[in-house]
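Going by the order they are written in, the chains are A, B, C and D; count residues from 1 in each one.
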């Protein structure tokens, strides 16, 4: 008999039954579940010796002293370097993900040349030859070669600016920050020397006018440390923090008092304090103080109330607090760390001078002799220059170098500025990442990631003492990049411009030598701190000041751009690991949110979540409304750092770029370009 | 064509028509199978679930069908243990419905867990403290019991029954059915209860938590009672639906009314305790957590209307309708009451699942709204289609309704 | 649920008055624990999309909440509240797990979560009122190359399992090994020998970490301060994470109170 | 009719038994062979030459670091201490120098005691024990043993399963808490 259907079925049944008496089903079930914990497409970990190498991370504007954590030599994390007096073991949200950014999808792979609307890779030698060729003809003509630097503390600037000087060009500009306004005030208008410092470590009262010291002003981590040191959980606080500004920002969140001040009225508020201090017999040993005091007299509490929205009593309370404090320090700036005017800065200096807290840091000696003075460069008005170029009042540069900066994205009225940058004959970007400026550049010559490079930081603005820190390359470059100063030194050699050095390391060695610090110690993560004080000699220009102050209206709807370090900076888009730190009230899907209080929303006929168009300076952005009582009436607050057009899919096209609608105006009397608290119109979409 | 497979002396629609019907069911199955495929391949990230709503449509669906499937064990209990003989006319149906509900629920659960390959850990590494462990064990065991209860019905299929061995087997199983009914009752009571317990023990979730006395036995028995208070009438609805579909009378209305009476009685008991429980919760449990009754609700999605609907429109009212003979004995009203009853239970399972975890417990926390997406709906539809399939085949080929012949003889 | 007793109880005291909400702790946590960023480009055809701005799908073991006193301008005040896993003394999540994938059984009182055991039923997430537990909705994907620099401290989780903060538990083991190597007592680590990534990175030192039972450790005293409180104390989960604030309204946001109720 | 039936039953029964036996044989004899793949080490490392001939001790290559972590398998850093260039006659060494030292690549040694990333094992905590209580005794072996890899789970056949760790912990009164061994 053949194997008929029934028999076959029985055979199968028997087989099935038999299997149950073998390891097959049980072993397979077990192994399958083990397989589910070792899926081949899930990354495996690397093991080996754990090490941590100290360096100075300049991913954030002021930089953090960090130790790069490695496993088997591969960088994977970051920890603070507690031996460093700058950030005392603290790390900012950007430097905290520094190791990941070594392998960011936005990194530029190597030198590239624009070819049509695409980039084509070239060699470093080709790049050098190409530039040398282009620059030869421009040597000795001022304004033909220009440079924009976003690194305000590095000696690399001496190399670049020295190189430009060697080519006969003075067009070296820094990206605008609070330091710009202060330098313009102190080193420019007031004719002082050195750099204004803030000895927060010694203060028993800190009054921040505008300046968001916990998020945007100066060395944020150090500010946080200085604050925390005097706020022990056990025992009483020995520091009072007062924040005067339009938004209850991160500084105000930990402040003992928040005084709501209109951003456009900040200078008036400061002058109001000057006036009250004068009334109570305080004065400052600054030239032209008496005229200044008379000018301040115009800013009685009521006048100030009109201009800044601060009620007279609140103003008097602040003045009282300043008078009783032993070491009060006044920190002035704009909420977004940029666009403030000379008036506010000068008033801030005067207040500190009247309270005996004027603190001037000496400049460190230069390494590159032919380089122009740092203070002078810091006071220069990049935005003003670009505006002039745009208007045809100044010649467009044939070659424009952009170092550690992203002007196409982060300058006020970014749209126009980007257009103006395109007028440059050849735009050269030395960016580590493919940012908006690099994307539109003719030549991209990638600089190493901060962990891969030799760099330094001298007295980042905001510190209380002249300080010097060194950054050494603690990991091998992931990409085909080259230290910008080294490239420039090579180029200068080709062009016969002698800067006195062949390699950037020698420049820094000379610098350290001149400062009188120990190279090995610095390379090991130590920081050099000098107790030398600079001269406090300066004089006030009441005339210019009165013009500037006359410009204050104190009415209408104004815009406040908020710089949140976790979201990124102008030159660093939000790193992938920082995305979760952005609140859904700041960004949701592709919509950026602007904050305003219920009263403001009501007056504009808006409600929570409403889609709006914000317009100013001939540009506009779209956003959604988030109601927050932390924003004073008449003010709209919007986060910076979103609406990227380059970078990677993690950030590209998310939200809109608030810089586009920061309307620039020239400060009367000083001519400095200002945009802090510029007017804005909000319309429902 | 397949007429010699039909139950003795009963007529069924043409094979073509039947195949057409199966094709229609097939659509639902196919859609669900597609979704299931993607879910197994890509993970449940494709669903509308999230870290707030780890439980959603699927768990609600499971709890609901398991409650509605309770007709099986309870009717079995009454028929075999309490010997209410009339129920023999509908007992087969209750078993099939129960089987569909439970097997369906288990199918959905394998989709619902993030690591289906490890599903067996539930048996191999059980945590005896977890109500879910109790549920897993009871449901699986009871599902087996249902298979055993379903089997003799299959064996009674005209052709199979000709084989002496199978015939005797079926007979023997019938003889011992009381035993299985007993086991079934025991198991079901437990897991229906522990399903309630599952929520009752969430002491971090004020919406579901019932302190001390209220964990045991309250939510436990509330779930049991609500299940037996709705299961029987659900079977009645299924039966009536089939009658409408086939155009043949399948079960004598007296039997349906009896089922209604049984469910009604249970529902009344349930509502009494449920109202008591809700009152104690609102006036005692919540205040001690520093919460008010009003804080438990938000907007329309999580509004109070849902609670009132559950308790009164779909609770008290059907209860009254079902225990009042005058109403109960009017077909239209019986069915209406049954529908409300079942609806109420579904709402109950929904709020316990979704509103419980939607409620922000931290004062600075906020409400979020959960919307299931297609990837969750499709498998649910698949399970329903699967139910239709099993039911259609059973009706066509198995002697499900003892009364059918008598009721339809002109 | 009877709370287990431990000789060592690792805990935190978080100074809400110092936290500036900068988010460094959230970033450091992701680095230490290999939490992959939300990858926007996935199989959209299958409905697999991952957007970091959808906070219901992101993995934030450490999450900084922004809280406010619910008053209108100018009385409006706000603060930031970092929320790790509370490592409760009697956790709501542990007893519900059907497969013992999560437990509180190790000296130190850290609530463990074992990924290879978890079946992903998410019952524990339903149980936790702090939203401290997260589900891996997708397989983790890093930008190309970024997964070359993973932390050796935490295994990479596949999709379909629940995960949560474990006080950087591997650092505890490393600290014990270090103590053994250098002749110290692994069961009596000095203050600071073992700190979590978030506490280590915090620029204001708002997060203090240590053994709540050990008088030598700073947290021991701080946790007993009259300014210290715990989240949802009334629920009786007994968190090992304490918050610290001198602001009354912050305290009141730490638990649910009836309108007229006074804080205990 | 009658007779036909019986043969059917008989044949059916035989078929049942046949199927049963076949699957049992397949399960116990064939299956294990299929489940594991037999692999060699990338380099035929001889412990014998290093220990007996060169007189190295175990901790010359397998040692604890200052932080208490364990070196485990040596990396080029250790090996090139001697083998920066070919110093012996064995083909294995030549291969090592050419393919790894000169190319500056680490040797992907196969670990008989392989444990997945989710397992955290502290050698320091287990220092008092003999290595061979868990590891194969290769100290005097001239040839690296075969490595058997589970095709499905990717585990080494020779490695420990969780129950073995737990048993030893239980016997020694050491905690079996999850976090003691998992990460």
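Just a few scattered comments:
Here is the rule we go by: a contact is a pair of C-beta atoms (placed from the backbone, for glycine too) under 8 Å apart; a residue touches a chain by one contact, two chains touch by 3 or more.
Worth saying up front: this structure is predicted, and the values here are computed from it rather than measured.
For the pair subunit A and subunit B, chains touching both partners: C. Comparing chain pairs A-C and A-D, the larger number of C-beta contacts belongs to A-C.
Distance from the subunit A centre to the subunit C centre is 30 Å, each centre being the mean of its Cα atoms.
If you average the Cα atoms of subunit B and of subunit D, the two centres end up 50 Å apart. If you average the Cα atoms of subunit C and of subunit D, the two centres end up 37 Å apart. Residues of subunit B found to touch two or more other chains are 115, 118, 121. Counting partner chains per residue, subunit A shows two or more touched chains at residues 32, 34-37, 44-45, 47-48, 50. Of all residues in subunit D, those that touch two or more other chains are 67, 69, 116-118. The chain pairs satisfying the stated touch condition come to A-B, A-C, A-D, B-C, C-D.
If you check the complex, the residues on subunit B that touch subunit C are 38, 41-46, 49-55, 112-115, 118-119, 121-122, 125-127, 129-133, 136, 198, 201-205, 287-292, 295, 356-357, 361-365, 368, 373-375. Per the touch definition, subunit D reaches subunit A in the complex via residues 7-8, 11-24, 26-28, 31-32, 35, 65, 67, 69, 71-72, 75, 116-118, 150, 152-155.
Residues 34, 36-37, 39, 41-48, 50, 71, 74-80, 87, 89-93, 96-97, 99-100, 102-105, 214-215, 220-221, 224-225, 227-228, 231, 233-234, 248, 250-251, 253-254, 258, 260, 478, 565-566, 575-585, 587-589, 597-599, 629-633, 648-650, 654 of subunit A are the ones touching subunit C in the complex. For subunit D in complex with subunit C, the touching residues are 64, 66-69, 116-118, 120, 122, 124-125, 127, 175, 177-180, 182-183.
Residues 100, 103, 105-107, 110, 112, 114-117, 153-156, 166, 169-170, 173-174, 176-182 of subunit C touch subunit D in their complex.
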